[in-house]
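Each chain carries a letter (A, B, C and D) given by its place in the written order, and its residues are counted from 1.
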Amino acid sequence: MKVAVLTGGGDCPGLNAVIRAVVRRATEHGFEMMGLRDGWKGLLEDNHFRLTRETTSGILHRGGTILGTSRVNPFKVENGLEKVKRAVERNGIHAIIAIGGEGTLSAATRMSQEGLRIVGVPKTIDNDLNGTDFTFGFDTAVTIATDAIDRLHSTAESHKRVIVCEVMGRHVGWIATYAGIAGGADVILVPEIPADLKKVAEHIQRRNASGRTFSIVVVAEGTLVKASPDQDEHLITSGALDEAGRPRLGGVGSIVAQQIEQRTGFETRVSVLGHIQRGGVPTAHDRVLATRFGVHACDMVARGEFGQMAALRGNDIVSVDLALATKELKRVPEEFFKVAQVFFG
Amino acid sequence: MKVAVLTGGGDCPGLNAVIRAVVRRATEHGFEMMGLRDGWKGLLEDNHFRLTRETTSGILHRGGTILGTSRVNPFKVENGLEKVKRAVERNGIHAIIAIGGEGTLSAATRMSQEGLRIVGVPKTIDNDLNGTDFTFGFDTAVTIATDAIDRLHSTAESHKRVIVCEVMGRHVGWIATYAGIAGGADVILVPEIPADLKKVAEHIQRRNASGRTFSIVVVAEGTLVKASPDQDEHLITSGALDEAGRPRLGGVGSIVAQQIEQRTGFETRVSVLGHIQRGGVPTAHDRVLATRFGVHACDMVARGEFGQMAALRGNDIVSVDLALATKELKRVPEEFFKVAQVFFG
Amino acid sequence: MKVAVLTGGGDCPGLNAVIRAVVRRATEHGFEMMGLRDGWKGLLEDNHFRLTRETTSGILHRGGTILGTSRVNPFKVENGLEKVKRAVERNGIHAIIAIGGEGTLSAATRMSQEGLRIVGVPKTIDNDLNGTDFTFGFDTAVTIATDAIDRLHSTAESHKRVIVCEVMGRHVGWIATYAGIAGGADVILVPEIPADLKKVAEHIQRRNASGRTFSIVVVAEGTLVKASPDQDEHLITSGALDEAGRPRLGGVGSIVAQQIEQRTGFETRVSVLGHIQRGGVPTAHDRVLATRFGVHACDMVARGEFGQMAALRGNDIVSVDLALATKELKRVPEEFFKVAQVFFG
Amino acid sequence: MKVAVLTGGGDCPGLNAVIRAVVRRATEHGFEMMGLRDGWKGLLEDNHFRLTRETTSGILHRGGTILGTSRVNPFKVENGLEKVKRAVERNGIHAIIAIGGEGTLSAATRMSQEGLRIVGVPKTIDNDLNGTDFTFGFDTAVTIATDAIDRLHSTAESHKRVIVCEVMGRHVGWIATYAGIAGGADVILVPEIPADLKKVAEHIQRRNASGRTFSIVVVAEGTLVKASPDQDEHLITSGALDEAGRPRLGGVGSIVAQQIEQRTGFETRVSVLGHIQRGGVPTAHDRVLATRFGVHACDMVARGEFGQMAALRGNDIVSVDLALATKELKRVPEEFFKVAQVFFG
């Protein structure tokens, strides 16, 4: 029985750990594993290779994906679905394990509805996929961001500065919230709460008045900011978005820093973490989660649990409906904003 | 309202993060915080100091505990309970937040039953406390052990050796299981499954026969090993225990290494991680968990939830009965042994 | 005998290690140590405090400086020199240990020429101070940049992208050269060699043609780039400089990335490391160097070696003329560009 | 022109970086590179493979050696030298680059004297090879040991304990000295100075009397200790040596800990770092040094500098006589013991 596996979307620490676990578990089930290159593209273009215990040896802790990845969506390719179906038939593929985020799992859900045998593994460093408590890659991203905040802290304190640290999080503030709490940030700004920079500035001024002459502000890249004091609405200024209307790297961070400096008169700097949050060696936590997801996904194929994905609930790995993943964004619960003892925008 | 806080038992990364969170939250509730030095000892000997936002500043990421710790148990001190009660009265202590492991929480449970107002925060790097999914310090210990295993891997491979890595885990194999999976160990030995070294040796020989000329064996310090081939029973040999019958540092690791070398003829080395697993900077994950525990514990005092402790369930912090923590050991569930794709004992 | 110590200029990992070493060594010489707050400013404004073994305990591995820092230059303050002299007299200061970079040491040199007893300790993460082989903080900066490049590597490979990583180095390319070599960069661009982006693009295209479908480009922030193909001169475009004509954070990185994408057609991203390179926990290497510098500086005061600074020559700490430090920039020697097996601009 | 490369002796972070640099540089010189498996053994047994840019891709930051290693010494094999000469001729090997420590370089020196064309690259984490200021692997070992000491510090302080940390260093105390200084140890014991445990205990008691209720003692594995107070001579007790008279892992550390506990009455623990110091990812510093050594070694072959090895002098890579490396041990200079502000033995 031939089973194909692919990785789609952005890089995420732990992808190779999932692939390795799938392949090792496959041996026990007697599956023959086929690796599709560069996501769905490998299926459309018959670009694949055999995965064995040997070809997946030593990759557990490596960043990236030995399969390569792309954002190719079969539903945006002419006759894409038809091509996928023919490729599946031509190659004798019994089932596909699709490891990916919002885009990959949306496509997987539709293909599953079209009758293909698909099992999903949720992947997002942002932790915004629904249906699972956590995803691999998130802990690594939080760890990298926290290390950075630790370093910025000493500089902010020595120079009596405000430092704004922009972290990933286009739609949700999980990374900002976790790294902000772990790094002892003074202000955390997240997409869940539009940020009022007047209040942020006042908070920083209060800190200063009580002798704390520096502040660390962590802001998720997708946070909406009220950039000028007389705006009635929460608006992200144009400079923070690219032509496609998506947050521009460093966009929000720069605006927040400028505004704070203008309003408080305190020297303010911005640090944009960017791509370093999504690559490289996964943390121990993410390697374990990725391995468990990979094992479970292979077992799902064996049990015929198609149209479903592996998910973490509490400390158990379970199977949930694929459609659940992309049904809605998993936002940071209010509890965090209440208890964090941090000023949330 | 005066609230006292203490840390008891062994060092654990995240203790200072709990203390800081308790103190900051206390400000919002209007509590005056008193830090007891060296666990229950500080209460018995009136050795304490005032905790404020200032005295707990900058400690979030520091290892150790600014309160100090000890293993003093009031119930093993003459008239200990009476002394505790008088100290509580004398100092006008409304409630005590006890951060500690099996020993500290057992004492806390009994004191609570004797009418004292106590709230617990579970602390163990071993993750063997019942009633909570995870405790802070565990992720840090796993991270340190995984880093070590990563390093041992390259040496084992270059030298074509077996390397046995002994990690903490007196009663349970959580650290061994997580670090073993994250580090790609070939064999994991845990207290939950008495280890048959004959089978372990055979497994390593099979690996060798298939061209994998090195192996990594992770063993929890409290694992029971069948040390000689003709033993009917699972026995830990005397050398692995100290006079008090507790595992001796390096005891099991050495036995396992000797046995593997004898049985396989392969050069085998042992690495005993020891104390480095329980000190120093906590991971981002543990800082967040510790902070949430601290905030919750303070809220429990405000709500009068005495005789209870903060606990993690899924991704929620909840209050559970204090007695639950020490009712039974939280063992590694069988699922892990099945899916780990690793040879377990 | 009262000896004052100050830290000036930008944050640099290892400052606290120097301070601690100075203070501990001072005990042996019988000096009373005075810490000046925020560089020369503390001297001008009589803002200082006593430094003892106790007040410098536990700071060896901490980022930042417990003395605070500023860029205040007494020679730019009205009657600054006179004020400094009066403050020295008023406070009975026998000698000053000035820990700082180009600005601080220039001022120290002039003050020394004016008759003040001054000893210098060179500080720069850029490693561009003359007269010493290395400075503390540089190894930490290189380590942080290398970690980042390691992470970017996996993403570049998975996505078949070019990633441009901008690192510190306003005038020289030490960080870029070391981190680029350590991180296995494919192209390193440094201020020592004006960058011809046409050649860079051709090099990346050659890599691609030979099957290496990703590239890592490390660029120092102060690199001069020939931004358009028909420019006769090496010009940094205006966007890369701020109003004061200094490199703007992310300026060069963005230009290099845009140019590569335009010329090659390959998807290209930029990562700007910025401030995280100059704060936080120093590496073991930098702690040792900083400690040796601090001990030596204190011994220099005892021996009356004023107008000089501590310096590393081979593996020896020696005293050299203060003026030497800022006489010229210490550039990366050509040997590195020849042997690095990397394409240099 | 065919050039062979081998790695001999113990694992050392940076070996792969040397191999990669040699191979990449070889392309420029037009050499064909042959990798010998498991040191000299690969030459004796005709076990080798071709090294190309492709087969050495992605190994820069990996621990271990893709060539494998062994301690096989041709001069201890019957007719070893003759066999080596015949193998060299049979395979058309123009020159050999031998990367190794005391054993490998001794053999290389003799072979060179016997007329073989050999170039050496010094390798030792202990930094005890003569003729070079530093070797790759040393900085990594120091970094790992310092991380461990940082962690032990928090535990020692929380528990008011003495912790003895045994690090590598069979003949010299480089790792102990550097990691001890970087980690802020209170006592450092090295092979260069026989340790008087009576004085060590007195020093720890003085610390305690002045309120510093914990101490960190770093001891190199090869330190000679005066174990009982009435010994006239400096003797290492039998338990610290194995049958071959070499230091036993944990031997000296345990003795030092026992003695301190007995003499001071303070609770004392031992931590033995062992093999984790010599494997895994090299630091940025070691990757740069290893790369420069590899490039230089290849250039030495091109220039015909046989019977010599690459060495670091100041910040220059130079060629020195091979025999120099093993002529005498490179001990830690006295300057370190004087200035370290630490109690040495």
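Criterion: a contact is a pair of C-beta atoms (placed from the backbone, for glycine too) under 8 Å apart; a residue touches a chain by one contact, two chains touch by 3 or more.
Remember, it's a predicted structure, so these values are computed and weren't measured experimentally.
Chemist: Fewest touch steps from subunit A to subunit C?
Modeler: When the steps are counted carefully, the minimum from subunit A to subunit C is 1.
Chemist: What chain lies farthest away from subunit B once each centre is taken as the mean of the Cα atoms?
Modeler: Result for the farthest chain: C.
Chemist: If you average the Cα atoms of subunit A and of subunit B to get two centres, how far apart are those centres in Å?
Modeler: One centre to the other, that is 30 Å.
Chemist: Using the average of all C-alpha atoms in each chain as its centre, how far is it in Å between subunit B and subunit C?
Modeler: Centre separation, subunit B to subunit C: 41 Å.
Chemist: Which subunit A residues sit where two or more other chains touch them?
Modeler: In subunit A, residues 150 touch at least two other chains, as defined above.
Chemist: Determine the shape of the graph in which chains are vertices and touching pairs are edges (line, ring, star, complete, other).
Modeler: ring
Chemist: Just spell out which pairs of chains touch, all of them.
Modeler: A-B, A-C, B-D, C-D
Chemist: For the complex, which residues does subunit D have touching subunit B?
Modeler: So the residues of subunit D touching subunit B come out as 7, 10-11, 13, 15, 38, 62-65, 68-70, 144, 147-148, 150-155, 157-160, 163, 249-250, 269-276, 278-281.
Chemist: Of all residues in subunit A, which touch subunit B in the complex?
Modeler: On the subunit A side, the touching residues are 21, 24-25, 28, 60-61, 133-134, 139, 142-143, 145-146, 150, 178-179, 181-184, 283-285, 287-288, 291-292, 295-296, 299, 313-317, 335, 339-341.
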